[in-house]
Each structure stands twice: as structure tokens, then as C-alpha cells.
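Below: a set of structures, written as C-alpha cells.
What follows is a pair of complexes built around chain A, which joins chain B in one and chain C in the other.
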Partner chain A sequence: MTEILAARADQVHRKGASPFTMSCDKESLAGAVSQRACVFCGSRVVLYPIADALHLVHGPIGCAVYTWDIRGALSSGPQLHRLSFSTDLRERDIIFGGEAALRDSLTELIARHQPKAAFVYATCIIGVIGDDVEAVCREVSEAAGIPVVPVKSEGFRGTKKDGYYAACSALMRIVGTADTAGISPHSVNILGDFNLAGEVWIIRNYLERMGVEVVANITGDGRVTDVARAHGAALNLVQCSGSTIHLARMLQDKYGTPFKQVSYFGIDDMAASLYEVAAFFNDPQITAATAQVVREEVDAIYPQILEYRKALTGKAAAIYVGGAFKAISLVRALRLLGMRTVLVGSQTGNTDDYRLLHELCDEGTIIVDDSNPLELSSFLQEQAVDLFIGGVKERPIAYKLGVGFCDHNHERKEPLEGFVGMLNFAREVHASVMSPVWKLTPRRASQPARALEEER
Partner chain B sequence: MLDLTPTAIVEREALRINPAKTCQPIGAMYAALGIHRCLPHSHGSQGCCAYHRSHLTRHFKEPVMAATSSFTEGASVFGGAANLSQAIQTIFSVYDPDVIAVHTTCLSETIGDDIPTIINKAVEDGHVPEGKVIIHANTPSYVGSHVTGFANMTKGMVSYLAESSGVLRNQINIIPGFVEPADMREIKRLAEDMGASAVVFPDTSDVLDTPQTGKHVFYPKGGATLGDLRGAGDSIETLALGAFASSSAGLALDNKCRVPCQVLDLPIGISATDRFVHALRYSTSEDVPVALTDDRGRLIDMLSDMHQYLYDRKVAVFGDPDHVIALTEFLVDLGMRPVHVLTGTPGNAFERRVGEIVHDRAPGANVRASADLFLLHQWIKNEPVDLLIGNTYGKYIARAEDIPFVRFGFPILDRIGHSYFPTVGYRGGMRLLEKILGALLDRQDRDAPEERFELVM
Partner chain C sequence: MSSSSAAVRYRSTTNACKLCTPLGACLAFSGIEGAVPFLHGSQGCSTYIRRYLISHFSEPMDIASSSFGESATVFGGGENLKLGLDNVTAKYAPQLIGVATTGLTETIGDDVPRYVREYTLERGTEGGPHIVSVSTPSYAGTHAEGFHAAVRAVVAALAEGGETGDHVNLLPGLLSPADLRYLKAAAAAFGLPEVMLPDYSQTLDGPSVAEYHKIPEGGTPIGGIQSMGCARATLEMQFVGEGEATAGELLKTAFGVPNYQVGLPIGIRQTDRLFAALEEISGRPTPHDYQLERGRAIDAYVDGHKYVFGKRAIVYGEEDLVIGLTSLLAEIGVEPVLCASGGESGHFAERIAAVAPELPSNPQIAEGADFYEIAQAAEELRPDLLIGHSKGYGIARKLEAPLIRVGFPIHDRLGGQQLLHVGYAGAHELFLRIANAVIEHKQGSSSVGYSYM
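Moving on to the complex of A and B:
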């Protein structure tokens, strides 16, 4: 039987074992080996893909280093976001303040790179030494003639979710600063897509084929000028609900723009999202075009999906990702591949997310919030899974256990969104689950019956 | 990506662009992983711990376990004592390590948490089970670099654990520095071949290079044990490899337990390995075994076979100071000219030492500590090189300037091998030489016109 921290018992739920209850939004227990990150991390991942902005990390060197070009958030133009800029605060700055270092750094970088805007990320220590980042930003902004936006992302001020909020607040300072003339009434912003491996390009392509104009990608392959015009779009599409739902709400409050929560993972969710957009605009041409896009795309991939499904049917999967919304799509996508989800969890889900997961999953599925390596590896063994879907810290644990892995986080190398993304996902899952390496590992070696069955 | 790097070099005071270092805590975490059954603990916000674990995982491709005090707004106002005290109880009851190694962060340092007081209180309150220990190191991110953090935690092992019983043991201590698990393994092998009984700490071999066993072992079998660390105080002497990473622990051991300490370079390349072997020979009074002399002979043989491809070729090197110092000497031994030598870690000793090494082979070379890769790129634009050697982050410059590139140092995020094949010792020298020649000759093949494209090289 799996051991869990007593204090975590109400963050672990087994479907069928008891009625659904889930306690989440809890601070992690001090001393736990948590897989969670901090406020800065949340802000940085949301804003980072804006490629023609300067991103300056204000603090000691580490925070800039660990977020230096670690995400494949592709840009079709400028690559400025991929450089690492830090004020590299030293001991004397901690004593006398880092404002001068910040001012000098911003001035030099803006002069050289001519960015369209600058984001200044406050790290933990800034909140303690009390630099007036706001004032420095205002001053440099006036001198340079571009928005210089402070991001209140001190690590200790909460969880990654609070970082998302800080990033959305920063974005709101840019939204509304440019002219919206010429924007089609059939227009959207894409929120919460970071163009990992080029995913935003896939979604844009679908929307354009439907006859819907995309005003701003927020923030994948993002541009400051697009963000500045984002208030001119008729609808906001929010993916990865955790990170940009705040921005959607802010845009609704300030500009009255409605939003829809969508998911681009898996055939069902992708198609449903496009149909929802079409329904919103309620235009016969768009409706017809949408049906055609979905048909063409599904036709193109479905035969191959069925091939993968044949091989993968009956395999068991575990999911542990940052946001629960993604986990929900993944459960559905795995089901399409004939796979069972036996463990699903997230770092930052809320009760509603988990209730939805509970309803979606089969009996016996374990649902966890803010898990840790000990717990995860023990569940993985207990449930004898064939595939683990997670991020960088989970990957080697899966491999040590002899379990296939799919990175559905920063380090994905193939686009997993859209219809074509579903095919890529199937291919990636298949390649990892069916790899001959697992036949060489002790876990499989000690399960000859099962290995035999797989041979057939 | 680097197309806006200007050739004209202007001195910068504050701004760091494309760093050649990172912060202290990650070094402390890595060092602590070199203690058997130790759980490193990051006393700060959750993100620090997550970032360090992710970064180490990307480099080693291994699970990295560490706990965090999970600071919140309250901790930043009232101090983190309650968090650490809670963490100690959680860790011992859930993860059951033999040792908790606490390191601080910029946040807890600035707030001013007094770690020894908190640890003592935990002991008094009975939160530390019998036979278990907590050690700590102060690792403010705004001082030094990741190498400093490694040095501080290694020193912490000495100040908390080393004991002098008054009875000498027939053993020596080797502090291997911030090197790969494979290097620590090779250093142990060299010592054993030389007949030395060695206490090596920290020791991440069999911790961060574990075999696939079908199990995720929370505490792998490797690491210096508490017994090793306590007994280090009774050793005959200490060889501290790498002044930046290892001397503070070595000197602390001398101060505390009167174990004489010799600070050597990392045994990378021929001359530095010779000095290491010589030091081992001196302390064991054993002859150098034939097998080792033969290893050395094979390295020299490889070099003599291929020396004409190396002579006078210009190299740029960057990375951690101990690595770069030793490697630069190796490059000079190879007949190459290290014209740009840089580390992100602060320290005048680096510039002095490298300056001496390159003085004859590369007069006027650019040598700088506390610098970044933006400066290195500018140097290279002003004086191009035939080869670039450094960690993964060098790939941007290598691509922008189309320079052959050998990955060496920490971190390496885009290739494998570094944690399995040593670069220390004579065999490590052979591997480095193979990589350097491979890069140079691949380039020669790529660029050769059809009629000059050679089969035999």
C-alpha cells in the first residue's frame, strides 16, 4: 500500500474508494519535496515568449540563469527573449539598494536592442530590500519612450498561480495602448498558448481558415504591438486556464470582451473549441468553414491514429502536470488512443478541476494535488503504468522505474496541440511506450508473462 | 540570436548578459547530494528548490531530491524559523534521511535567519532522531557563484562532522571539487591504484550516475557516509582539488583537526594529473603502478601522433575557475594557444593563475573573472578562435561565429556522457584530447575543398 504523508491525505483521492472530496489551493508543507515552483516562475513563463520585448531579471544571478532559453517558445521574428539579462545584484546592492543597477542596465539594453517594451521581474530579494522598481521603470519609460513594466513576481509572495496573476497585470498595462482600427468583427486573441514547438501557428492557421482574425497571441510568438491592440478583439480564447484566465477576466471587466475556455489537446477538445468559436460568431460562412477545417484535419490524421490505437489499447498511463485543465484534455486524448489513465494530478488545480477529473476517470483512478516524487513513484509502481506524462523533474523518475515518458511541458519537442498535434502525441507516446528499451529493464524482465503478452 | 553583440567593448558595472555562472544554492545542493542518505534542504522560496532540481536533472538526467522551506509572505516578514523547524520534522518523519543539509538563499540571508540557532532548537526539542544530523551552509546568492556554494557546503561537512579522535588513521582525504560523478569515481580509482586509502567527499558517484534498476531509489547507494566524514578528522592529510571549490573545506579541516592540507589543481590534463599522482605517491610512499604509468604513456602517445593538428591553434575557454585553470594548462601542454579565458565566478586568483599559465604560449591573452558570455563573444569577434570549449551555453556563440565547439564543464544540457566518462586523470585527458581533435578534424573535413578532402589524417 502506498504511503502518503498523513497531512496530505485530503489531497489524494481514489475514485470508488470514497465520495469525492479534494482539498487543494493549499500551501505546500514545509519540508516536502514538492514539484511546485514560485511566483517568479509563473510570471516568467507567461511573459517570456513576447519576443520583441526586453526581459530583465532584477536580482541575484540564479533566477535569470534557470529561466534562460529553457522553453521552446518559438518566435517567427525577433529572438531577443532568448537572451539572459540580469542585474546580478551583489552584496553591496543588497545593502545600498539595486535601483542604480536596474536603471543603468535598462538604459544600456534599451539603447542597444531597441525593444518595443521592457519587463522587469522583481525576484524575492527585491521585495525585502525595498527597491522602488515602479519608480525606476517609470523614469526609464519616460526617457526611452517605450513601456517599461514592473512585474511583481517576488518568489515568496505565493505560488506559481500568483505569478500568473502578476504577469496578467503587467500585460494589462500594455493592452489598450495602440489603435484598434481595421480589426475584423470576427476576431479573437489567443490566450495561454506559448507557441511551444510552434503550436500557436497551428491554431492560427485553423482560425484563419475559418475566417477569424487573430489579433494577438498571448504570449506565444507574441509581439508588444499585438498585445497593445488586444482590446480590439471580439473574443478571447483562453487555453491553459491557470495562466491567463486572469487576463481574460481583466479584459472582460475593462473592455467588455467575452472569453471562452478552450483546449487544443486531443481531437474532441480541439474540434469542440473551434465549433465554439464558430457558434460565438454565428456566421454561416464561418460555421461552414469550421466544419470543413475539422473534417479535413481529422481525415488527415485519423487513419494513422487508429494504427497507434491498435498498439496502445489497454496500456496504462499516469499524468502529473502543472495545470489541471491540461490534465483533463490529456485523459480524453489518452482514451482516444485506447489507454487508461490510472493516476492523474497537477501542481495547481482547483476543486472544480479535480471534480471534473473525478467524473471523467475510471474507477480506481488516483487523483492527486501537489504531489511529490516519493508519492508519485510509489503510485507508478502500484499501478504498473506504461506511460508517464509530466515535466522535467518527473522524467528521470519514470525512466528509473522503466516507464515510458512524454514531456507535456516546456521541453516538448513536437507540437502537441491541434489535430496534427494529436497525431504527434500518439506517435510520441507510441515511440516511448513501445521502445525496446523497456524489455531490457528489470521491471519488465521480472514480468515475463506480461512481456510475452506484449510480444503478441 | 546573438546578432546584436557589438564588437566594441564597453565596461559594464551592473548588467550581466548571458551569464557564465549561477547562484550559490545549486552548488550547495550538488555538494550535499554527495553525502550518503542526505536530503539537501533549500531554506527559501519553493522556486529556488524547483529550479535547482530541474537544472541538475537536465544536466545529470537523474532524479534529484531536495526539500524546501516553502517561504511565504509571512516568512519574509517574521523570518523563516517556523518554516525550517516544521521542515525538519516533516523531513525526518517522511523521508528519513541520515543527514539534512540546509543551505540558505538570498531571501533567507537577507531576512537574517540564524540557521545554527534553529538547528540547535530542533535538537533541544527532540525533533532530530537519534543518530541523525543536520548540517548547514550559508549560501547567499549575491556572493560568489555556484562554485562558492559548493565550497561552502563542503566546508559545512567539515565544521559539523569531522572529528579528531587523537588516533591517526592510515588514510588521506581527497576533496574532489565540483566535478562529475565519473570524475569522483576516477579520482577514487586513481587513489586506490596508488595504494591510498582515501576518504572522498563529497562523492556523487553512485548517486547521480545510478544504473537503471527498475526502481526509483530515494537515497542511492553512493555518497560519503557519516562515518567517512567524521573520520576525516583522523586522516594523515588532505588533498583539496581546485582552490575555488575545495580549499575552504581543506583548510577548515586543518584548523579544526590539524589535518595538513595541500591544495592542488583539478587533475585535468597531463601536468596537473602528474602533480596529483605525485602527491598521492608522497603520502603513500608507494611507487606509481605500471598500469598508471602506461595510461600516462598512452595519453602522450596520442598527443605525439596528432600534435601537428593542435599546434598554435587558438582556443577560447570558459567555465568554472578550477576547471578552466586546469584545462588551460592542458591546452598549453597540447601546444594550443588559449587566447580568451573567462569565468563568471569572481576571484582575482583566477586571473593571476591563468595569466601565469598562458604567459608564454599566448602573451596578451584576454583573461577575466566575474565576466559573462556577452564579453566572451565580443572578444571572439575581435580575435577569432579555432575552437571554443565550455558548457552548453557556448553553443550560441559557436553557432553565431561558426566555431568548432567542445562541451566541458557545468552545465551540459544538450549532450550525454559527461557524467559517465571522466575528464580527470590520464584517461580523462585522453577523452578530452579525443573530443578536441574530433571537433577540429570534423571542421577540417567539412571545410576542405573536394581535392583537399583527406582520407588519412
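Moving on to the complex of A and C:
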């Protein structure tokens, strides 16, 4: 392995090669072309789907324009979150300060769009020029009569994870500001689901059929008023643990609300998550309804899953995604399709996540934290994979090498959560792996034996 | 910040019609052989820009970062930069590292040229990569300015004088890989060896491969860039840069290389300017194949003129592209009613008037525009079509008007990197796309559903 920088050697582990250790939670190494983004990105992805809030990016234009309508986070109502607002600071503002630009922009945009709240994202420069964002937000909030919440998301203040934390802190300033009367004792908040391609609606449907009320989706198809009432729910379900686990902990500390970490990807994890909710409420009606939901949903998709499994058995997959929790679910989901995972990694996993992955995977599997294009391309070539699951930045690496690719990023247009999502996932994996185009690519064309085997 | 002659001024920007300067610099650096773009700033700048470029070009796009943390921000990023340069050199074995600054590092006052000098002295880059830095604060200018600044910085750092050679320098501006291939072929057809800077015709539009290349193959060879100071001429294709301290002007001042500033060769007339310059430089007439190509394009204009005549269009994007497209629209009888750009060169209106003198009425000009302003104008103007990149789709959808996708970024269709805008072939292709969009729109909204024009 020539592609790993010495300073990153302890962020790559090969199962079976040595006892498990994994270094993670580190700042990215300069010059290593990390696939990670920054603190701002972390905050922006968490808060983005709140559809009736104004999301104002305070800084020069880049940060705002690169996050304009880039996610598949659907809203059943307002679409304000899909616009990109910026103070678009210029040299003059850098010299004399950006507070006036911020105040004027906020006032103007709030008057124009009448949002229920505003989030103000501080970008790198703001942390340097010393704008008092807090004071401007307070002033505008008083004048406009809505919460105007600063998000301390200067890009250099840590990693994407710190951005998650900043977003959760911002959300906590809204939680608890509305009345919780009338909320059922059998109620939950859905945390860490961004309603990509309507996924929250799928999960809400299951929960409602079980007899469980959903108070707030945080943040997919999110609304400010729902977030404000979130402290009234009996339980918090935390998916995508990296991004909103902080919020769950804050809610537990402040309001005593317990939380459960769940995953909606794959049949096993989806069913286990619903059963956990049922077990928590320990109500015979809910328990019976849950079993029925799982039975109906699994029955509806399982025959088709088995068809795909026939074709996919024995194929090898590589996974590199943002959060390790998602990677864990994906390993399981691929196994259901008969596929082996030979490389798995994430941008932001912690030691516990990686230990779990280590236990889950077969001998020889490479586990990697905060990887980069050269490592990933060299792993892909070494492991002869049939499928790579990742996001936009990983896609061209796979395609260039003639490897099938499945997009598990936030732009996706097909829901992958829930039972129906597992079927969509299987369909996409199947289309990616079985497409005849790979036979024409130089990588496969130079492996005639393998091509022949696949013909059979 | 939006501003225009017609609209109300707003302090906020909504849905910007521009990108940041570092993106343009990265794009330019990626067209140099063996080069790795490097952003001196936070990790996010590099990652966001990679994503944005990958979504258009569908190619690997590695941009290194000095990955700023708090301490670098407080104490300066020199150490991060040097470590980053070491790591990029170790991993990529590049021939050149193009370092662009960001808003953060400009604001804290990092002296990147000094860091680079120190680095070169300390580590000794004998046999190591060339390191070229460019100042691209994201709070000044757009991606177009960043692109041209990087090209100029590369020329300033590497070009050398000497005995005048046979070759010609091509400075094509921010065009598609297909455009770049067209320009190289055109120069070759005149028997002119060329050095095109940048040349991402292959680095950002490469073939499927068996072995992964750490740095995509292709790009302007370093030796070629060094020889730019002794070229027989430079062909510089941009409108708003005319009269400014561009790379072409630098080559002229420093090495006496004649600079032909021809504008982006979009449409017949602007392409004629390019070909006239090629004739003059080479001393040869336009090759027969290109005369035929020109004739076919005009023949297509004739065949389709009725369908497009008098149609009202909104054109938006980089200033240079909009000026070039406006010239083409004017020559085919489409009336541009709004020309909008996020750029603020100060030359936009005047250059539009210069390339399209026959327009019956002057289009509205929006400099420093955002899509909020364009959408508002569109509501009033009710254009028949929009011409620009993917980000105008929302407006086109709302107006139920066709969008002819050109330029960068194309994020909602495949093949943005293969769109041809320049030359006679580009004029031909654009004309057909515009005419067919009008025809398709009429056919689609017809109650009859005819299958004959």
C-alpha cells in the first residue's frame, strides 16, 4: 500500500492484519484532499431542510452558492429552504465589518419572505473580522418578532462534526418556545432524518400506523413551530447519529427526554428500530400494530428482494459515506443482497462506530477514516469491487475505473429508507452492478476470464 | 448585492449568478499538465468546489487544501501550507501545484507568495513541482476573475522569452472541453503549433481507464507554458478583459508577443474575428473545411430563421459568455431582452453594445445580478426563452419557457462538458438548439400534436 500518507496510517485498518485500533476524530491532514467539508457544511446540512425558516449565509458568496438547492430534502409546504441567501460580503465589508450588511440583509429578507425564524450562518471570515452576529440577531429578532438564531459555523473552527454541534445548539434555542398541550404520551421526534426524496414521510407513516404520534421531524420537512414543541415528545429517535445525537443529549439533559439510536436503512435495521419504539412504549396495541406493519411491509418487498439477491450474490462492494452509522446499515443491507463489503469508511465516524464495523465485516475488509481520492482509488483497484457506494465526490473515482456506483448522498431522488427504500436500494444496486456497460470499460475488458464468468 | 439600471437595489443576494474566485482558479489550474490545484483555506472551500465541478464535468477533481484550523487562523497558515505542499508532492508527484488563496487567508493577511518563496528555499524544489500562487479573495470578483487571475499568475511565473518560435498562444477563457478541442484543431488547421492555457479538454473530459491516474492525463505542458514568451502571437479570447492587465497583455509587455484580443468566438461574426486573426498570424487563408463549416452554419441560419426571428430571450451567466451569446442572438434575429451577469467588470453594457450594434432596442443590462433580480425581470419581460446554465431552470419552469443550457454549470443534464459554443460548428449547434427548443415548445403546447413542421 503506497497510497497512505504516514500521518494517516493509523486511520486505516485491515481486518485480520492486526488487532483492531482506529484513530479518528482528527482534523484533516493538510494536502491530503479529504472528502470532508467544514464546520459550516455540518451546520448547513442539519438545518437546511427547515422549510419555513430563512437561512442566511453571512460571508462572501461561495459558501451560499455552493449550498443552493443541492439537497433532495423535500417539503410538503413552504420551499424557502431551497433558496440561497447571502450577505455576499465585499472588500469594503471585510475592512469596515459586516454587521450593517447582515442587519440590512436580514431585515430585507424577513420582510420579503415572512419566515417563521431565521438562521444566520457565520462563515470563516466572520470569525476573523469579529462581527457581533449575536447582537445583530438579537436586535433584528426583537424588531421582527421571530427567532433569529446565530449559528457559529466558521469553517476553520473544527470539523464537520463541530458544525453538527453548532446546528444542534441553534435548534435548542427554538425548542421549548411553544406549547406542548395535547401531545400524546405515545409520541416521538424524528431526529437526523432530512426527508431526502420523502423518506421522513415513509417513516412517519409506519409510526402513525403503529399508533405513535410524531411531534417534530428534525429536520426533514421541518417546521419552526414543530421544533418549538419538540420538548413535548416522549421519546427521541436519532438517526444519522453523527449529526443530531448532540440535540438528543441536550433534550435529555434539559427536558429528561430519553432517546434511542435507530437506523431506517435495510430490512433488519428498519424492523429493529420500529420494534424498539414499540418496546419503549410497552403498550400491547402498539406492539401488535408494529408486528403487523413489519409483516405487511416485508411481505410486500421480500419476493423481489430475493430476485435481486440471486443476481447479486457474491459481488463485492465498497462503501465510503459521511456518517459511520449509515455505513453500518449499508453493510447489513448489502449482506441481505448476498454481497460482501470489502472496503468501508466514513468521513466522521468515531472509534465505537469503527469497532462495530470491524465486528460486522469479513476478514480482509479495509476500514478507513477520513479517506481521500488516491486511497479510495487504490483500494478500489486492489479489491476488485463491483459496486462503490458513496456521494458526489466519490462517483467519478468509481466511474473512471469502470466500477458501478450507487449514490447514497443527499441529492438523491429515490428514497432509500424504510422497507420500500430497501427495495429501491436493491433495484439501484442491481442496475449499477448488472449494467452491460462495464463489459466495455478498459478495466473489465482487460479481465477476459472474469468477463467470461459473468457471461454465464 | 444586486444592482442594475432598471431594478431596485437590494442589500442581500438571493441565488447568486456567480461563483467564487477560488473556483475559477482551480478550474484554470486543472488544465495544466501534472498540476494539482491547492486552496489555502478551510477544508470546506476545497470540498464544495470539488463537488460543484464534479457535478458538471463528471470527472475526478482533486483539490488539495491547507485544512485550516483555529491555530492556523490565529497564528497564520504558513506551516499548514508547507505541510500541505509536502503531502501533495509526496502523494501526487505533481509538476505544478497551483495555490489559490481564499477569503479566510486573505482576511488574516497570510502572505502566500512569501510562504511559497520560503518553502522553495527551505525544501529546495530542484526537480520538485513548480509552485504558482494567485490571490483570489472570495469577496472580490467572481469565478471568471479567479480563472483569469490564475492564468495570468501561471504565465507571470513560468513564461520565458527567447527566440521567436512558430507557435501561437491560445488563451481561450472559461469554455467547455469541447470548445477547447475545437480551438486547438482550428489552430492546427492553419498549420500553427499552439500552446493553449489552460487546456482541460482532456483532464476534465477524459476516457474510461483501466488504471487510475492520480492526476488526469492531458493539460498544457509546463514546457509549453515556459515557451509562451517566445510565441509568434497570442490569441486572447475575452471581452471584458480587453484593456486590462491580462495574461495576453503581460506576454506582450514582458516579451513583445503580439496580442490579438478577439473576444469569445461565439456566433459567425465573432468566429470570423478569430479566423481573421489566425489568417493574419499564419499567413494562410481559412482552410476549405472551415469555409464549408461556416457555409453550413449560415445555411442552417437560413433554414431556420423564421422560427427564431423576434423571439425574446433572457441571457445570463459569466459576462464574457453572455456578450458572446448576445452577439450570436443578434445575428440570428433573436432579441435579447435582458443580459444578466453576477460579474461587475464595469465593461458589460459597453461590450454588449459593441458586439450587437444591430439590435433594434437595447436589452436591459443587469450587472452584479442575482437570480432574484433576474426572476423579477423575467416576470415582467415574459421572454420566449432563456439561455444560460442550469441554475436558471427554476425561472424557466415557472415561466413555462424553454431553457437552452449553455456554459457552466450544467448540473441537471448529462454532457455539459461536451457542449460546443465556439466556432462555426458551435454557432451551428447553438442555432439548432435554440430553433429546435422554440419548435419543440410550440409542438408541445399545440393541441394538434402535428409531426411535420
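Side notes on the structure shown:
Throughout what follows, the second predicted complex is superposed on the first by the 454 of 456 C-alpha atoms of A that agree within 3 Å, B and C clash if a C-alpha of one lies under 4 Å from a C-alpha of the other, contacts with A are read in each partner's own complex, and residues count from 1 in each chain.
The working rule: a residue touches a chain if its C-beta (ideal position, glycine included) is under 8 Å from a C-beta of that chain, and two chains touch if they have at least 3 such contacts.
Everything numeric here is computed off the predicted structure, so don't read it as measured data.
Once the complexes are laid over each other on chain A, chain B and chain C cannot both fit and instead clash. When both complexes are overlaid on chain A, the residue A:G338 reaches neither chain B nor chain C.
Of the two partner chains placed around the shared chain by superposition, chain B and chain C are both touched by A:G62. With both structures placed on the common chain, the touch criterion links A:D104 to chain B and to chain C. Overlap of the chain B and chain C contact sets on chain A: residues 5, 27-41, 59-68, 70, 83-91, 93-94, 101, 104-105, 108-109, 123-125, 127-129, 155-159, 373-374, 377, 392-393, 395-397, 399-402, 441-443, 445-446. Of all residues in chain B, only 1-2, 4, 6, 12-19, 21-23, 25-26, 39, 41, 44-55, 57-58, 61-73, 75-76, 83-84, 86-91, 94-95, 105-107, 110-111, 140-143, 145, 210, 212-218, 344, 393 touch chain A in the complex they form. Taken together, the chain A residues at the contact with chain B in this complex read 5, 27-41, 59-68, 70, 79, 82-91, 93-94, 100-102, 104-105, 108-109, 112-113, 123-125, 127-129, 154-159, 373-374, 377, 392-393, 395-397, 399-402, 441-446.
Taken together, the chain C residues at the contact with chain A in this complex read 1, 10-16, 18-20, 22-23, 38, 41-52, 54-55, 58-70, 72-73, 80-81, 83-88, 90-92, 102-104, 107-108, 137-140, 206, 208-212, 214, 391, 394.
Note for the complex: chain A touches chain C at residues 3, 5, 7, 27-41, 56, 59-70, 83-91, 93-94, 101, 104-105, 108-109, 123-125, 127-129, 155-159, 372-374, 377-378, 380-381, 392-393, 395-397, 399-402, 440-443, 445-446.
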